[in-house]
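First chain A sits with chain B, and in the next complex the same chain sits with chain C.
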Partner chain A sequence: MTTYLIRRFFQSVVTLFIVSIATFGMLHLMPNGVARAMLGKNYNPTSLATLNHKLGLDRPLIVQYWNWLDRLVIHFDLGYSYQRNQSVNDLLKETLGQSMYIVGLALFFTIALSVPLGVLQATRRNTVTDYTITTFSFIAYAVPVFFLGVVLRDVFQVQFHLIPIANQIDSFHAAFSQPGQMILPVATLVVSGVAGYSRYMRSSMLDEITQDYVRTAVAKGATKRRVLYGHVLRNAMIPMVTLIGLSLPALVGGALLVEQIFNIQGIGVLTINAALQNDFVIVLGTTMLTAIVTVIGSLIADISYAALDPRVRLT
Partner chain B sequence: MDEIIAESPEVGDNVPSAEQMLGLEPTEKPRSMFRRGLEVFLENRLAVVAFGVLVFYVLLCFLGPLVYHGNTSHVQMDEITLAPGPSHPLGTDQNGVDELGKLMKAGQISLEIGIASGVLASVIGMLYGAIAGYVGGWIDAVMMRTIDALLSIPLIFALIYLASTLGRTKTVFIMVIALTSWFSLTRLTRGDTLTIKVRDYVAACRMMGGRSPRIIFRHILPNTIGTTIVNTSLSIANSVFALSVLSYIGLGLQAPNDDWGGMFANGSSYLDQNYWWMIYPPGVSIVLIIISCNFIGDALRDAFETRLQKR
Partner chain C sequence: MAVRNTRKVLAMAGVIAVLASAAACGSSKKSTSNNGATNPVTTATSSSAPIKPGGVAHIAEWAPGTSPDAIWPFMTSDQLSTSNAGQFQYFFYRPLYFVGLNDKLAVNYDMGPASQPTWSSDGLTITVPLKSTWGWSNGEKLTGQDVQFWLNMLKAEEKQSGYYSPPNAAAQVNYLPDNIKSTQVTDSSISITFDQQYNQNYIVGNALQTVTPMPLAWDVTDGKGTKGKCSTDTLTSPTLQADCDAVFKYLNTAGKDVKTFASNPLWKIVDGPWVLKDFNATSGAFSIVPNTKFTGEHKPYLDEVDFEAFQSPDAEWTVLKAGSTAPNALQIGVYPNADTPQYNGDNLQAGNPLASAGYNVEKGALLDSIGYYQVNFGSKNHGNLFKQAYFTKALQDEMDQQGAIKGPYKGWGYPTTGVVPGYPDGNTLSPAAKAAAAKYDPAEAKSIMTAHGWDLSTTPATCKSPGTGDNQCGAGINAGDKAEFTLEYPSAHPALDTVLAAYKQAAAGAGISVNVVTKTQNTLGGELTACSASTPAGCQWDAILYGGWVFSLQPTTDSLLTTGAGSNIFGFSDPKFDAAVAKTIKSSDPQAWYDYEAYASSISLPLIWMHNNIWPWAVAKNFHDSGQDAFQGFEPEFWYYTQ
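Right after this comes the complex of A and B.
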């Protein structure tokens, strides 16, 4: 187990290193790079040279990368937005809470719904129930998150007035204290999440049902109920752990769109607005942050997987 | 627990008997992979319908404007936000622009960029996977770890980042979307390559002096083409989706050259006024194209992935 942990941890560090090169490279491969983008309309050769020097952008790329990495790793400093005159860390402090809240709620309800649905489909395989759920999840899987969100808004807020139209949610407190406003954003993410997860749960259940230990249990005379919930379900849940780790990027990406649709000032809206204003330092910061979170998420998922399934440790 | 018993595999009619294979009995001319694939594909009703939807949209967007002349270029203040009616089958937008005409024009952009970047992504993914798998060793390890790393950047963030830094033109969008969506095919092609490169015919080719490019292009890639075709279909769906996401958040092509995502974004900002005809036609078009491409991809998988047929 220790060897596995060390190897897996080392892998994550390498991954993050490559991610950092890629994100840093993307920004600095632009013609005239950061400074030009920051100056925008105020661009002229003199101001460009001044700003380049001030930001240390006239130094060799490798030195710049090293400085950036040094600040990132040692101080977790994601940069400073000169357009907003605020550090990216401060901006994240204002936005991260509500984003994490939505993603957390969405993840919770997605799992809570897709496990029973997957079990239902697996136990009633090739029946009307199975086909109905399959059809719906196939459609839900193909519908883009932004379309689903707008449809839900249209139905529940505009047509039937079931949920009042939200005022802007700009802090974790605002998000937490207005659970009614969270229903539609979370539902949007849950519907598209359940579509994928329940399919996975279904096939995971079916994989386990065909195992030898199930036949043994049936032969011993265990009830169907006991076999299904005592043995099959517990084992079928294990691959779900990996799935959660793998689907984190999609979930974070979906949350970005949901924030835009439902007027929530989270990390997604921060990124979009920064991109629209050519404030690339922020975009670089949030991209790097989500990548770090994703890598840590999949690391945790893999470790839990190894802890739950002894077979993994041996390989 | 009756479900446990798997259905016995069906033996297709086109599997030659042992006598035929040994040449003891006159065989009919072996059908090409594409012919056989086409037959399996046509058996899948859903895929045929999906293909029909795709053809319908291509005809609507590219030939429609020749027949239907709606106002798509100038502001007409006396015709703003009209509900669908005889003179405007899909109504008009906030500038009095005809929605059906706009849907056709935007569809051209969505489909062009979607198909171009879907195909480009497949080419990149196929070549990268074949090279990594063929070369092997530490180069392979570095190439694949790089993909693992790039996959951990959420797609939308990567798209926003690239689209906003590289500028917003059609070419940039094709490149950006292709560059962020070739990873899954690479893994599949690499897997195929690993099994193909140890086959006897590859060894024979090498022995006769065939160089690596020849082996990759003449022997390995043609044998992975099934996977690539399947993936191209799914990749087109992803590209249409990615483009519409970018347009929806305002980072797509600018009006009047916007795609369906841009039309949808524009319409949904008038959601509270209940101008449904500005929202649902482009939205449903995006969904239909994505679902169709997915169904076609599934059917192509049944048709071309011979591993599944041999079951």
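Right after this comes the complex of A and C.
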């Protein structure tokens, strides 16, 4: 296990290194550079040279990259956004909380609903219950998140005023202290998530139900409940663990569409605005954070395999 | 063709708008037009109900995703924008002369600390009297020294400053502070002697309107209040650079620290009608409250104005739809294009989708602006084509501005007629300029191309008569060369897609193949450099729709079109044009403008005129909105609830 973790750690470092180089390189491919875009029509050769110097963009690319990497590794300093006049660390601190809160809640409810639904469908395969849930899943899966969000918002907030509109959710405190405001964004994500996850769960359960060990357990006199929840469910959860592990980056990646629809100043909105404004320092920071969590999520999924399935050995 | 309050820049001669210049707010004048249904440039709306003082207003005037990022009214090149100035800093710190109010093209002496100036008999020295009643909220009186402080800072920090323009050799003019020979400061005035005679309206409305007096309390070098010497120097002091460097370093850092905008005691010292109460560094939302020590003419009616931040136009639209009496309701917002009612000057409320939600439609101000897409005379592939006056005339003839306004923009726009804005009223327009106003004439475009030796049997047309004669293709164009180029424009603007698809189709009728390509606004901005050995990328682009230009009071194009001007990235150079521009800056004679307009309309300019937008604002029925001014500023001290 220790050997495995050490090996994975080094793999992760290499992965992150490649991601950082790719992201850093791509963001510097912009014609005439970031400073030119920042200046807009205030551009003239003098102002461009001054700004390039101020931003350190007049140094060789390798030096810029090394400086950035040095700050990141030694101080976990993701840099300073000259367009927002704030450090990227501060911006992430200010936006990450509300995004993680919403996505985390959505992930929790998605799992909490999709697992029993998948089990229910598998145990009642080809019944009205199965067909009904399947129909719901297909419809929910087919409906784009942005459309669902807009419909929920217009029905519950605009038409019937069942949930008041907040002009802005711009902090974790604002999100946490206004649970009513979280209902629709979370519901939007949950509906889409449950549709997909429950299908996976159903398939996984059906795969396991037909395995030999199930027949053996039944033959040995195990109760249906024990077979289902003691054996089948545990094994059926293994593919779900992968899915959940790979969903973790969404916690820090935010849910851009939902944030825009419900006016939440989260990390998704921060990233897209930065990308549109060529604020490469922020984009680099959020990309790296997402990459780190993706690597960790993948690692957690692998470790969870071993916990759920003793046959799996992490070596 | 416009985005609201996107990053726009002030220049010595003007203010530039992104995306074909237009952003406005509801005006407060009565309709004066009988034919308003077809002519939005003459109609406005009104609120004449009695004033109900007090209250808190929630406003959405900053475009989604944008917010102020500089509070010190001495911005660097990357900070300078009309949004930061007219929609934020001017609430607290008033420029020496305030131009505009509603859509008036005039200096509004009521609004700033300086009264009407006087000039010496030789026309070289202006004396700016400062109002004896005007002062700072910390008790300081506003004096000539406060003006000198700003000028000194400009002199010392010209490389950093967004307000500085290098001398314009082509137009033979210098700009602040290079054109100042000397200054004389008293408690109640400042006299400035210039290096040569200038158009006096230009000095007041273009040059001095950028100068914002600064309190002596800001002449400090650190947070402990260590006194600086920048304000007490003169422009020729040998220690000016060092003295102002120290102050600049401190104030510039503090002035962009968004987290302390509302808490830093420096920024609480104001001379405008408002003071910043809150600023949310994450979202950019902010609140202003009246400056209780304001000594100017127009004191605020409202107790507080909250400028809300939205992450998308849709999020803002949702709040508007919820109604003007809902919790967190907006008093002012903007109709998104998809939900904007068709413009009807006779009845602006016709088709108002927010009527039952408690909002009126109000017509935004007409800006002192020109809309255009720009062509690159330095383009390595098609520069020679753009240099032909007949070709740019043909390109202009294919641009259906009225069609764009009436079609995808639903009537909410006004045309660009030429190099001097024809709208709003107030600019000096010669009969020649009026006669040469841009018009849509595809037949003429076709005729022009045929008459200059192009074979229109295919699209793109090919040059069959090379040469420089009147009936030939022109210098640098070879036989078989094609009439084609690429026009890049900002993505995610459906109305623009429609306009440019129609333009492409119309141009094809004259044998001109326009390859339209979308890119993000900032990507386009990054491409916009002049063609030179050091910036070869500037030789790659053909034509780009990036934004128009909003002028200062005098609509001269010295910063945009003269040879070597900072914003002349088009490779355009014409000594006669430079001379004509120079006259508009140096002479107060209207004939200078007439000559300039006449010459500009006779040559190939690198600008193809497009329409300007008018913003449709949603204003709560119980709220009075004074409107945005013609230079993109807001004046919330004129807003109030009605009885």
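Here is the rule we go by: the second predicted complex is superposed on the first by the 296 of 315 C-alpha atoms of A that agree within 3 Å, B and C clash if a C-alpha of one lies under 4 Å from a C-alpha of the other, contacts with A are read in each partner's own complex, and residues count from 1 in each chain.
Rule of thumb we're sticking to: contacts are C-beta pairs under 8 Å (C-beta built on N, C-alpha and C of every residue); 3 or more make two chains touch, one makes a residue touch a chain.
Nothing here was measured: the structure is a model prediction, and the numbers come from that model.
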item	value
Chain B versus chain C as contact partner of A:P164, first or second or both or neither	second
Which superposed partner A:V295 touches (first chain B, second chain C, both, neither)	first
First, second, both or neither for A:L276, with chain B first and chain C second	both
Touched partner set for A:D154, first chain B, second chain C, both or neither	both
Which superposed partner A:N44 touches (first chain B, second chain C, both, neither)	second
Partner chain(s) touched by A:V19 [first = chain B, second = chain C, both, neither]	first
Partner chain in contact with A:N85 - chain B first, chain C second, else both or neither	second
Partner chain in contact with A:T2 - chain B first, chain C second, else both or neither	neither
Which of chain B and chain C A:F262 touches, first, second, both or neither	second
Shared chain A contacts, counted only where both chain B and chain C touch the same residue	30, 37, 150, 153-154, 158, 165, 260-261, 276, 278
Contact set on chain B toward chain A in their complex	1, 3-4, 6, 145-146, 148-158, 160-166, 237, 241, 244-245, 248-251, 264, 268, 271-272, 274, 276, 279, 283, 286-287, 290-291, 294
Touching residues (chain side chain C, partner chain A) in the complex	7-9, 11, 16, 18, 58, 65, 69-70, 77-78, 80, 159-160, 162, 165-166, 256-259, 280-283, 285, 308-312, 314-315, 318-319, 321-322, 326-328, 330, 520-523, 525-529, 534-535, 537-538, 540, 546-547, 549, 566-567, 569
In the complex, chain A residues that touch chain B	11, 14-19, 22-23, 26-27, 30, 37, 125-126, 138-139, 142-144, 146-147, 150-151, 153-154, 158-159, 165, 206, 209-210, 214-215, 218, 224, 227, 249-250, 252-253, 256-257, 260-261, 271-272, 275-276, 278, 280, 283-284, 286-287, 290-291, 294-295, 298
Chain C contact footprint on chain A (complex, rising order)	30-47, 50-51, 82-86, 90-91, 94-95, 150, 153-154, 157-158, 161, 164-168, 170-171, 259-265, 269, 273, 276-278
